[in-house]
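So, here come the structures, one by one.
Okay, so subunit A shows up in both of these, paired with subunit B first and subunit C after.
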Partner chain A sequence: MTDSPIQTVTWEDKVAVVKVAGDIDLHRSASLQHALLGLLDEQPSKVVVDLSGVPYMDSSGVASLVKLLSRTRKLGVSLVLLSPSQKVKSIFEITRLNSVFTITDSKEEAMA
Partner chain B sequence: MANVKDNSTPVIQVRDLVKRFDGRAVLDGVNLEVFPGEMLVIMGGSGCGKSTLLRNLIGSMVPEEGVVEIFGQNTLVMDEPELDEIRKRFGILFQSGALFNSMTVGENVALPLKEHTDLDDETIDIMVKIKLEQVGLRQAEDLMPSEISGGMKKRAGLARAVALDPEILFYDEPSAGLDPVTSAEIDYLMMDLAKKLGVASVVVTHEMDSAFRIADRMIMLDKGKVLMAAKREEFETIRDGKPTGDDTKDLIRQFLRGDSEGPITRRRQAGGYEEDILHAAGAR
Partner chain C sequence: MSESESMGSALRLEIKSDPAELKHVRTEVESFARAMGMTEESAGKVVLAMDEALTNIIRHAYEGAADCPIEIDLSVRDTNLHVTLRDYGKRAPRENIHSRDLNDVRPGGLGVHIMTQCMDSIDYQPAPGGGTKLIMIKCLRDSDNERTNGLQP
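For the complex of A and B:
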């Protein structure tokens, strides 16, 4: 699958909610990274990356999100990962990045 | 494609594998299968054929007979480019770590990412740090292989083996030469990769503590044949039980327990020593 991993981007005030869909692996990480970093040009106060539609993510996907996290921190923008599947949570656990990211299953919490 | 969705289809299937050296069968009709997320331990004494089996599985050796299917494709009829595509989907941890001595630890881990992906350098740097952290070696990123211990080399080799998030991992004696703590750490990392990420694992080892810690299923090889293939619990029952009088079970029991007496010892003693020495004496 090489189509765009970004399904929708919706804005609530200055919060960008990005719905990602499909596997995020070596073939699609660069495309996801490009789209997410491009979003920062819109100057959001927060980016919520909704991962509920991602069945699988490999470490290239995780690295892409690390790059996004690094950029958002520099810009003072919050980043939240919303509703990753158990399998995707596992890749964050196994790479010991589950405590580096803000990860939640609650949309309200993510938007707060 | 890095996502194995169907856990009921084997990712490795071997049928009737025969490998001969100078006419002597080192593998003699081996059958096995491995499923996603499963850890299969292959064990046996020195010269039983376990390393030869591993080489046949990874495609570095071609058998005389039989079929090796990986991801449902017969690797024995593939040309090199097709094999390379399959190889991207599996990782191998060699006994020594097999690092390139002219590169730093980090460069070793980055190598498969640079060779096989279009990822930019910054993303690759992040991935290298992630992989090294996974094996507890992040601080060693800029060191040369000559500056680190054998155990660290093995961990660096594992970081490189998992660089491309493989669906299958082959381990050749992963515990050999490691202290007990490092060995246990590697075991738990291997289990994490299998259980949390669904990586199928084939582990060749004769370290029984490690084997019983990690295995879902085990295969005991002897003289190139599969003596027994069963769940770990069945091997535990044989190990912990009393001798049965059944030569096969007692041989497995002796191997698992590391006893100095038993069928393996008797077989060695009955190796024609008397004939040999008398023949040598008569030859003069």
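For the complex of A and C:
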């Protein structure tokens, strides 16, 4: 069984805050991608992906977020990754995607 | 369902190519690497490299089939951790196994790059009887790592 990686989705005006929980690996990344892309049907102005509850992510999880980034750019939707752990940050650094994504540890900054 | 066997400075895991196995493997490998004296950061890199290698095996060698065998062996030789992964699936042509251009921002194709960044060396070998043997090596001590390898991009 693949439990859903999306813990909660909350809305503040047109900003969707998605709290992701648990390890994101090959076992769960497809489910994450499906849920995140599905959220775009709700036409948010911005998507904030809260990664504070993700202890581990591999390249399949990163690929899901790259897919989301690509789709949000096409739609003119902002995307922010909020509070990744050091371990998760390191995979973005290794793949040099830390300069491609907007990543912050500040909720206020993410919502602005 | 996986089987594991730990013999002092060696660990053997036999798993199926089921993505649901990955979390268990990560836990076992991290625990072993830490017990062999690796720092949390170095052990984390071994775990990430292992995870990426297993993902490639599941996706490419076994084309997503979840019931095929994978053998994982970890051992300490001198000051190095040796990690060997053996599959019995489709072999990738050696010239197809390489990092890709990171400036091309698109999903996928990052596994080999991550493995080479996290480990000191990786070597794919055709295995007798079919399939592939992947050997990955990393110094146990960070100071040795910094002195001898090309970890940084």
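The criterion applied here is as follows: the second predicted complex is superposed on the first by the 111 of 112 C-alpha atoms of A that agree within 3 Å, B and C clash if a C-alpha of one lies under 4 Å from a C-alpha of the other, contacts with A are read in each partner's own complex, and residues count from 1 in each chain.
The rule we apply is simple: a contact is a pair of C-beta atoms (placed from the backbone, for glycine too) under 8 Å apart; a residue touches a chain by one contact, two chains touch by 3 or more.
Just so we're clear, the structure is a prediction, and the values are computed from it rather than from any experiment.
Superposition of the two complexes onto subunit A shows a clash between subunit B and subunit C.
In the superposed model, A:Val66 makes contact with both subunit B and subunit C. Judged by the touch definition given at the top, the superposed model places A:Ile91 against both subunit B and subunit C. By the touch criterion defined above, A:Val100 lies against subunit C but remains apart from subunit B after alignment on the C-alpha atoms of chain A. In the superposed pair of complexes, A:Pro55 makes contact with subunit B only, with no contact to subunit C. Once the two complexes are laid over each other on the shared chain, residue contacts for A:Trp11 go to neither subunit B nor subunit C.
The superposed model shows subunit B running into subunit C at a single listed stretch; among 20-28, 200-208 or 236-244 it is 200-208. Overlap of the subunit B and subunit C interfaces on subunit A: residues 23, 25-26, 56, 58-60, 62-64, 66-67, 87, 90-91, 94-97. Taken together, the subunit B residues at the contact with subunit A in this complex read 1-3, 5, 117-120, 122-124, 126-127, 130-131, 133-134, 164-165, 192-193, 196-198. On the side of subunit A, the complex with subunit B involves touching residues 23, 25-26, 29-30, 33, 55-56, 58-60, 62-64, 66-67, 87, 90-91, 93-97.
Interface residues of subunit C facing subunit A in the complex, by the touch rule stated above, are 19-20, 22-23, 26, 44, 48, 51-52, 54-55, 58-59, 102, 105-108, 110-111, 113-114, 117-118, 153. Within the complex formed with subunit C, the residues of subunit A that make contact are 2, 23, 25-27, 56, 58-60, 62-64, 66-67, 69-70, 87, 90-91, 94-97, 100.
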